[in-house]
Amino acid sequence: MSEQIVQTLVDAISVGGLYALTALGIGLIFGVMRLINFAHAQLIMAAGYAVLVFSTQSVVLAIAGALAAAVVLALLVERAAFRPLRSADPAMLLIASFAVSFFLEKAMIVVVGSRPKGVDFLPGLARQIEVAGVRLQMLQLVTIAVCLVLLAATTWFLRSTRLGLEMRAAAENFRMAEVLGVRADRVIATAFAISALLAGAVACLFVAQTGLVQPRMGLQLVIIAFVGTVIGGLGSLPGSALGGFLVGAVTILLQALLPPDLRLFREAFLFVAVAAVLVVRPQGLIPAPGMKERI
Amino acid sequence: MSEASAPALRVEPVADATPSPLARLFPLLCLVAVVLVISGLAELVPTVAQRRITQGLINLIAVVGLYVFAGNSGVLSFGNVAFMAIGAYVSALLTMPAAAKGVFLPDLPAWLAAAEWPVLGGALAGGGAAALVAAVAGYPLMRLSGISASIATFAILVVAYVVLGNWTSVTGGQNSLMGLPIYVGQWTAAGWAISAITVAFLHQESRSGLLLRASREDEPAAAASGVHIVRHRLAAFVIGAFLSGISGVLLGHFLGTVRVETFYLDLTFLLIAMLVIGGMRSLTGAVAGAVVIALLTELLRQAEVGVTIGGTAIAAPGGLGDAVLALLMLVMILFRPNGLAGGREIEWPRRRPSR
Amino acid sequence: MDREAGAGERGAALVDVRGLAVRYGAISAVHGVDLQVHAGEAVAIIGPNGAGKTSLLSAMAGIVRPAAGSIEIGGRPAASIPLPEMVRQGVALVPEGRNIFGSLTVMENLRLGATVRRDDGVAAEIERVVETFPVLGERRNQPAGQLSGGEQQMLAIARAMLSRPRLLMLDEPSLGLAPVIVDRVYELIRTIRAQGVAILLVEQNAERAFAVAERACIMSHGAFTLTGTPPEIRQSGAFDAAYFGVAMEAVP
């Protein structure tokens, strides 16, 4: 019995980790630009299809291709769609983000069709290993490890490098950072690049787990991770990661704990929770510094 | 609130400063005329095209419903498609023949299973149910600022989708409900469209509508002047939800079936695209967007179907229409954010005062 | 007082403003302003709330686009210099309200001031700053938001100085601070002045500004109403009228 509990917990943590990384990617962009990047889902999609293309050749190539595809797409989208809108009001940014995401997804459907394709990626990780008497899936443990490493790396980057410092300053007060000489273009491009690397990593793990790629992949991840960002605190990086993690983990736990007829409603629960958080504590669990309404 | 004690400025009255009643109604009359012309044209074309036009009119009502809230308050709502779904399902449940309900929804409570309301009653109930949900869900949400409110309306969309899609005993869950009485042809749709446009027009000219638009331009200033933004937003939200609910009802009774999958992201995107491209800030924009995009999607659909030239079929790849629509929306946002109508209504040409 | 005399002696102006107008929609905040600041000069712009001082400074710093007129920074048109490049042109701004990054530490705020510098002297200079302001040293790794108002102002000025500007623009440095603290702030400004950095000071408090500036412009309702050296302005007796906006010509 207790083995099942441990397995559920590990499952929850590994899914939570994926959502934490996704939420962090979304939170990074929101932090510097006040933009909710719906197209993050398509970054995951692009990385996923790169894995499809290279998975037959070598694992390293597939991962590198996934990361590269996500970064290239992210920088393209930033340059073409978001940079011209940098001074537009947040409502327009939101709509534009929605439109970009929709466009990329539909364009992909035009090119590859909407049906899922199977991918045999890292099949070796599907096996189970025994840890302290409990049988766990190797992939879940790898997922947790990768998430921890990437979270640590991102944190290190933000806290210890010059560019990271500039990003944190820009996230708190963009105008003042510019007055001091921080170049907006560099900071924003960096945010998009890191966000894309996170998306690429998530895509690799996701493809390994599900064995499928389709144009709609990433949508579910981003919607739920986005919920996490809101709950954790829009614009706050630790908040995003924490919120994403909680939401992902709770999804799994709800699945395990809810009576069968209510299980299907778990997403509804989540979104009611989002609305509740927005009403009761709009700044989220870990509020971001410098977030205030435009006066 | 006391009057300011600054010395009053003298303002010379401008010739034609107060528009005549005809001038004020001009936009409404124009838009109604547009709908009548479209329905009239529908008489002349083959049935397939007629059905497309009817569906276009139904979408027009949905866009107008979206506009009533989003256009007047400046807050984009992602949730109106949820109200369409609610309207459709409620009307379906009340008007479907008992026999059909027995087949698709065997677990309905007896009173509901036996109900066979007249279609008008069902439609009003559908709109009313949507309005009720909007009132309840909207009440806490209207206090949120722009982006947070938009996010919250997205929550409404997802919650509705999940609940309606899983509440199998009442809605059939993921399966289609079939057997709805089909009573919506182009004149029914046109009649409802004209009503919707009229309601939207009356709302935006009403005191509540005008105050809401004032708050759209400058929220803190309006709040400081004592305008009850929340109240007016909620009113717009509920009215918009009612109209959206009606459009959902009409869609259901046009197709004869209701499926929850119809009322999710793709339709949300289509309606938002129509509103943004037409121009979010005016009723003319909403209608213009609906008409233009309906034409465009029809053209693109034809392109996807293809043309046979001398034995070779040339067709655009599937899904191109959606991609083009998204691209168009982006281009509009980048280069003409106020849309085709530019935020203005069709105006009765005014004599400008001579300088 | 002759603004033009001596201009040739001091070389090209660091900032040259001609016929500047700044508008927000239909509201005119600044109109018809001419101003030059040369190397090593200390100039004050004095006026009450709403006079247009901050708008003028914002336009000069590149934050706001002027509606009319021209601004040249070191001979280059300001319109061709994007905001983040201003500091690389030697113009540093300490905006109203200090605007330090409250969530970053004191050290991180200071390091941001030196963002544009690539040389090795930065760390040593930061240490010197910290020596001059022991309180900043004590709190070096604490979030800057925990500093008091006066300490934040010192931090903001020190941060701006780390970019080694040729011109330091300060917007109402005394605002909201107790007189004792303001003394220290102005001591700092005088020290900076003594190092040869040009100062452009925007103030509501004329006495404070007069103590530092060698030239002052009184601003009201968007235009300069009186200019001259502090002694000249005091002797003219026209200060009150100029400050409070009774229309009059500039003192020749």
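Lettered A, B and C in written order, each chain numbered from 1.
The definition used in the following text is that contacts are C-beta pairs under 8 Å (C-beta built on N, C-alpha and C of every residue); 3 or more make two chains touch, one makes a residue touch a chain.
For clarity, every value in this text was computed on a predicted model and none was experimentally measured.
J.: Where the centre of all protein Cα atoms falls, which chain's Cα centre is nearest to that point?
T.: Chain nearest the centroid of all protein C-alpha atoms: A.
J.: Report the chain whose CA-based centre is farthest from the CA-based centre of subunit B.
T.: Relative to subunit B, the chain whose C-alpha centre sits farthest away is C.
J.: Counting in whole Å, what is the centre-to-centre distance of subunit A and subunit C, each centre being its mean C-alpha position?
T.: Taking the mean C-alpha position of each chain, the two centres sit 43 Å apart.
J.: Report the inter-centroid distance (CA atoms only) between subunit A and subunit B in whole Å.
T.: Centre-to-centre distance between subunit A and subunit B: 32 Å.
J.: For subunit B versus subunit C, what separation do you get between their C-alpha means, in angstrom?
T.: Their C-alpha centroids are separated by 52 Å.
J.: Please give the residue numbers of subunit C that touch subunit A in the complex, ascending.
T.: Its residues touching subunit A are 61, 63, 83-88, 93, 95, 99, 101-104, 108, 111-113, 115-116, 145, 159-160, 163.
J.: Where on subunit A is subunit C touching in the complex?
T.: 162, 165-166, 168-169, 172-173, 175-184, 289-290
J.: Quick one: in the complex, what on subunit A touches subunit B?
T.: It is residues 36, 81, 84-85, 88, 90-92, 94-96, 98-100, 102-103, 106-107, 109-111, 113-114, 223, 230, 264-265, 267-268, 271-272, 274-275, 278-279, 282, 293, 295 of subunit A that touch subunit B.
J.: Flag every residue of subunit B that touches subunit A in the complex, lowest number first.
T.: Touching subunit A: residues 74-76, 137, 140-141, 143-148, 150-152, 155-156, 158-159, 162-163, 165-166, 220, 269, 272-273, 276, 317-320, 322-323, 326-327, 329-330, 333-334, 337 of subunit B.
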